[in-house]
């Protein structure tokens, strides 16, 4: 029997086209893998077995009839449980939404369904996407497929782990401060956060509205390009989605790196970072140079302030976005309340986990009377400075290359101090504040066998350049072909 | 020592529901009175993951109103989130406008007792309405409440006046004038009972001559012009009494209890109101370009103020008539339609103000649209008086019948035999009979008591069941009375 | 010792605004954690931002609107399906008392 799993998205699609495999065969193989391996990994919150098989069946028919819905017809994906799926429980890995079944699909789901994609299930995450390890799930932590004693990163740890462990051909995550790129780095997959406004947020349960973006995970760059192609574009239901034309990302992969100016930001190589990470990233930069890229040092002087600004802006928006979870319309309601005030206070205290409560408190405080200008207002001004840093850098270079995270995957329960956990995202957060596209791809492994991520940062709406540089690098290196041994 | 005289300072906050087809931020209909929770979608129910999208027409209604109120329209405006927890508010924040409203600094001319004053408009902004709560019992005694989100997300325009209003009467006049403008613009139906035109007031007192403002009290729950006036009159007196007794006024919100004729404190603690406004991150700012404003300016109709002036100048109406007739665009249109067919403007004005408005349930568009007496029929009724077919008194009865049945005047006059008695012979013999039966009155007249003629006319009218032509009766009586002397 | 960035009373006030019933232990822990975070955030004060405009959207856009067209609502049943408590076609909530 031919191989049904362990393939990249373009490889699966090629097998469908040649008739070497059918969507039903592939989806069944994935469901078996999930059944066998997910108990160890715990990447999925919900596996949508029945609907996956039904959709695979429909894809079979289309492919057989020679009328595929598109290049992704029949491709099995893992969807982060923060993206609303009609009729399928969408929990955000929170007790407060444990029972919530949306009556509508997120716009990305509508697009993927039209493209024939088969959803295998909904993946685990840090509650409401707040965290960097997936330990903040109200249900269970997800494990890193390269070392089950370590975290997969977060908040999209479930999707990253599922794709890395080949429990799906690809997946979707969301990235507010690094939640796609950091777990992609920790799990050794490709993860892309598109430009703010490139992909519709309609149906993405909001964490921080001005920072959130949905993006793909895949085991290779082409797969990520194909997924981005399917989800990118203007959506009239999202006022912040732009109608900038969507280029052909797969075609862009052919662009050469020759002559591209790659900026290396000084501030992204800091004291205290893992030397193996630093080493691998420098080697990766050499590889890009060898491919003809022109390497230039650049400075992003306000990098050091980005994290502080982010921890005001994101919690402030979150405190507002999460106000709706009150036990009235959907989700959890604490039992036995004598009155409304008690119901609100208990429902929210029991329904939210510690990190979510911490950020609600921080955000409420930052917006409250007398503090707005000093905190939220100040942070929005600093955000302007961070954005300007990038604008100035991009006057000289086409893209930036740097580490995705200062360390590799850490052990479960290793980081108990919230501030230490926040520091995991220092290299990814500025990109969200500036609304830029960022991509993480594997650029090596530590001696201990843990993947290391290289982050590429592009100009607004220039995902093509990121993808082409990543693709050139990927073809020149072996890292994406390494797979974790799970069985 | 004389008691301190106080000046009343009132500011008014109006919430007008806009006549858009769909809601402020989603495509659900705005129609009133649907079955509970039948006019909602994930957006207006605040489900996880949803996003708002601004309704262009709501913005344009706001700009048109701002133009009519001579406001400065901000070149840049944006929406903000206003936070507080209440079960009728699905997201527990309301999308409203805060630091950058659509428009500021306008004015409205308000007339009380023939004197016009300008009341300043502080700001005009747009926001979304909340849902509706039904209490199982009263708010105080209910064990539970029920929520219906149909109204949630309906566009509201908030218009805040400056504290320029100086009496309860002026407050009512301001609201009437504002309501008329909104109705003329077609942006709000002005229905106070259904809550599409709501008003809250801030009222404070200060010693006459003082320039500082006193502590203000917010009054809510006034759902008619009459209630606004009564509530503010009550509150002004309450505060005056309190101040005279040396008490301090507490800054609070009070509810007008219409059936009890007083305001009642809501006793809410002030610390609860920390709305934590911040710019709505799910919406992008609006840039109101001059071209857009200019185009909207061309769509403005003749407004009540201009129309009132035109009615005085063109039809020679008294200010009172012109004011009343222009309160609603539909009523003014009706009036002008009658005048086009029957060119005695003051006569028409009298008929519309007394007879028509007595019958109509209101003066709004819906009431006029349902009026069973079209303008042409009223004009033809008036023509029947002029040509002597019926008397003015009979005409009033005919009008009532027209209103009940929807028939035209001629048909009613003909069927009921109401045609005026104008035959000199027939009427002459009635006159002779009346003169014979009222020798006393005849003698009075001859002694110079000329008003007894009126009595005699009345007797003739009575004898003919009002059908006699009054001018002819007068003439015949005078002929006979002067002949006999 | 430096002045705390946030007091227990402020934590209680903010928890009330956010409708979170925190236990006494949670409040204490929250206070010290928020204190640490706010101390870190204090580094923003080093920056002079007086002449810097705030950024609320990284990708500036204006005038995104939709036409005033009615679109189908969702069926009442679909909108009530997630309700923790309902009475016929209403959402039901416990007794409302003003705070």
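Letters A, B and C mark the chains in the order given here, with residues in each chain numbered from 1 onward.
Here, contacts are C-beta pairs under 8 Å (C-beta built on N, C-alpha and C of every residue); 3 or more make two chains touch, one makes a residue touch a chain.
On a predicted model such as this, the values are computed, not experimentally measured, just so you know.
Engineer: What chain is most central when centres are computed from CA atoms?
Structural biologist: So the chain sitting closest to the middle is C.
Engineer: Quick check: more C-beta contact pairs in A-C or A-B?
Structural biologist: Output for the comparison: A-C.
Engineer: With centres defined as the mean C-alpha position, give me the subunit B-subunit C separation in Å.
Structural biologist: 41
Engineer: Cα centroid separation between subunit A and subunit C, in whole Å?
Structural biologist: From the centre of subunit A to the centre of subunit C is 23 Å.
Engineer: Per the centroid of Cα atoms for each chain, what is the distance between subunit A and subunit B, given in Å?
Structural biologist: Computed value for the inter-centroid distance: 57 Å.
Engineer: What residues in subunit B touch two or more of the other chains?
Structural biologist: Residues 42, 45, 53-54, 85, 87, 145, 147, 274, 276, 281, 283-284 of subunit B touch two or more partner chains.
Engineer: Could you pull out the residues of subunit C that touch at least 2 other chains?
Structural biologist: Residues 13, 17, 19, 56-57, 61, 64, 66, 74, 79, 91, 93-96, 99 of subunit C each touch two or more of the other chains.
Engineer: Identify all positions of subunit A at which a residue touches two or more other chains, and write them in rising order.
Structural biologist: As it turns out, subunit A has residues touching two or more other chains at 100, 103-104, 210, 236, 239-240, 319, 323, 326, 328-330, 340, 344, 364, 368.
Engineer: Under the definition above, what is the set of subunit A residues touching subunit C in their complex?
Structural biologist: That would be residues 99-101, 103-104, 195-197, 210, 236, 239-240, 242, 302, 304-305, 307-309, 311-312, 319, 323, 326-333, 337-346, 348-349, 352, 357-358, 360-362, 364-365, 368, 375, 377-385, 387, 417-419, 422, 433-436, 460 of subunit A.
Engineer: Within their complex, state which residues of subunit C touch subunit B.
Structural biologist: Touch list, subunit C to subunit B: 13, 17, 19, 56-57, 60-74, 76, 79-80, 87-96, 98-99.
Engineer: How about subunit B: which of its residues touch subunit C in the complex?
Structural biologist: Those residues of subunit B that touch subunit C are 20-22, 26-29, 35-42, 45, 53-59, 85, 87, 133-135, 139, 142-149, 266-269, 271-272, 274, 276, 279, 281, 283-287.
Engineer: Please output the residues of subunit C touching subunit A within their complex, sorted ascending.
Structural biologist: Residues in contact with subunit A: 6, 10-11, 13-15, 17-22, 26, 30, 33-34, 36-38, 40-47, 49, 52-59, 61, 64, 66, 74, 78-79, 81-85, 91, 93-97, 99.
Engineer: How about subunit B: which of its residues touch subunit A in the complex?
Structural biologist: Against subunit A, the touching part of subunit B is residues 42, 45-54, 81, 83, 85, 87, 90-93, 145, 147, 274, 276-278, 281-284.
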